[in-house]
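Structures given as structure tokens follow.
In the two complexes below, subunit A is the common chain; its partner is subunit B in one and subunit C in the other.
The block that comes next holds the complex of A and B.
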């Protein structure tokens, strides 16, 4: 069986992101503990910033983290023309036979960001409470179409005036019951649930 | 490879053929009479995926993990062991048909729908949008285009 390809997208571009890279960092330990052989592809605008961060974190050997530079709007290389990422994933599979999972992190984009099914088997969209509790109500394609929606930094809700239970209920409503999971990636909270979901829905192990 | 224990899904890892092919047609017909033909229904919007976990019409837990070069399509046979066969049904999604008045209108309409990343199928002088959600969501976006392009909405089918 070829490696599952899982996309991780979400809004970004401001000083603080929604936590996509933090989610990957937190997931890597859980995945390793479960015996899931993993590699990562990061997508940045014109740098290798996220890849370097993951390599410095030391949760994966450096050569299992590959960087793609979009050079343009991040969604162009995960949806319109995902060939750069497909080629990077093919190279990882060739270099590491037996790989179970390739996580493909998009650069921070906007609420309309989605992944091409030509590139990934499953994709997650990561938002955070500090972005505002109206984000789910805006019904962006990323919110509606992702296979899994993650609401991160839920511990910040009282500090940014967000009614988190209401935000969670609205997210579940606009997604017509499709899964939504809360996390605090910085502390690792909820990350085991994300990995368990991936194991059931796409890794099958 | 396949683990039939209650907790493990039945792994479906290749397209063996198409139900419409003569060699499969007869085999499946026999199994159907024995009550040993099961179907997996997949929404049209999800048919491009290579990996899915879902149940057959008889509740059998299945995990599809196709090679990159294979694709799900209506009638694809994913499992056959002489006792049981599993065939894919792609549930046709509702469609909304648009008919532009002129070539210029067609160009504007096509550009607009492309920007919205809608899945479309082209016909003779018409374009069918494959709906992945309520039709109101699509009508709201088309509303903004009226005045810029002349086209007829022929309604969800």
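The block that comes next holds the complex of A and C.
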């Protein structure tokens, strides 16, 4: 096992998400530009929707995107019993020797979602301003324990009545200074910072 | 504590729903059967008993015992036999997927598996049931204990599926699971004989396993 395994979790479902898949889509180009050999595993609660979306996006060859179905338990497949994801990651490493990075996207879950340290080396939690500016104050293991917290869709703040600077400050406060990065994944804003963080903290390249 | 206590505890650990082997994501066709109204809350226990008597007893029990008893080349042949005896492509694929998770668990837990099993996995025929047999042997269980843990795990997993799908409650399923205990004990105590081959055709659940369900939550 040589590739770094990075989890990307966050609240939301297939209809209204915080932007986990959009973040991966935006990161793939940055990662490719940096010469980082990448593959993705998606964990869909229902169907293979996220995997298909990434395959259609064309940023990765389709066989570098693998889907794991979560058995009605999006948190179980990344935390209590991560073996299906471990098997998928092992397969990817066997199929693509020299892989640098495997991104593992969880299905939409809630603020208590965390990744097993048996599965990933590092994990990010993605929330968005449209979910409400009280999310950081509600804390929860996802907000507090993730190695990196991302607040997405910051451009929507004025439209949903969110004081974004206050939300960002509260997020940094509840995380006791652990990193928080703002993004607008659909426009690519802030994504370079996320990739730079991964390169510095996880990939060392 | 008598001498058998550690092995009982080991069997309890391996049959526990918290043991990481990936099976929680499989419904054994129950999700499809519920969607087709072939099973209801009232008939759930009967459906699981039928699966135990048919799919588990005729196929999984024999496949697991072969995986437990054989070694090296003979074990490799056994995996090939199991692969040949799975004509339903969807069932075959899902058995390999579940096997993948079990091999990942063995690697992570450093449970030594026979070379025949490892080679079968490498060759893309690492099916769950024989791999489970090799796995249980690697964990030090005797064959009776391995079969009991497997049968119990199948029943417990199906009831857990029903709870997650909102069809039954956690209290009710414990009562129903206890009611199946004599059947599980009876079926698991029947060790396969030399030369036995797995067989199985369960029309309702086989069709349910293969049926595409819009919005499916489980792998099968």
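Please note the rule applied: the second predicted complex is superposed on the first by the 202 of 205 C-alpha atoms of A that agree within 3 Å, B and C clash if a C-alpha of one lies under 4 Å from a C-alpha of the other, contacts with A are read in each partner's own complex, and residues count from 1 in each chain.
As a working rule, a contact is a pair of C-beta atoms (placed from the backbone, for glycine too) under 8 Å apart; a residue touches a chain by one contact, two chains touch by 3 or more.
Just so it is clear, the model here is predicted, and its values are computed rather than measured.
Steric overlap between subunit B and subunit C is absent once the structures are superposed on subunit A; the two fit side by side. Shared-chain residue A:187: touches no atom of subunit B or subunit C.
Within the superposed three-chain model, A:2 lies in touch with subunit B and out of touch with subunit C [touch as defined at top].
In the superposition on chain A, A:118 makes contact with both subunit B and subunit C. In the overlay built on the shared chain, the residue A:79 is in contact with subunit B alone; subunit C does not reach it. Judged by the touch definition given at the top, the superposed model places A:204 against subunit B, while subunit C stays out of reach. Applying the stated contact rule after C-alpha superposition, one finds that A:56 touches neither subunit B nor subunit C. Once the two complexes are overlaid on the shared chain, A:166 sits clear of subunit B and of subunit C alike. Subunit A is touched at more residues by one of its partners, and among subunit B and subunit C that partner is C. Once both complexes are placed on a shared chain A, the shortest Cα to Cα gap between subunit B and subunit C comes to 7 Å.
Comparing the two interfaces of subunit A, the one with subunit B and the one with subunit C have residues 118 in common. Per the touch definition, subunit C reaches subunit A in the complex via residues 18-22, 24-27, 97, 100-105, 107-108, 161, 164-165, 215-219.
Per the touch definition, subunit B reaches subunit A in the complex via residues 9, 11, 13, 48-51, 53, 63, 65, 67-68, 117, 132-133.
Across the interface of their complex, subunit C is touched by residues 45-47, 68-73, 76-77, 80-84, 86-88, 90-91, 118 of subunit A.
Taken in their complex, subunit A has these residues touching subunit B: 1-2, 4, 79, 114, 117-118, 121-122, 141, 144-145, 200-202, 204.
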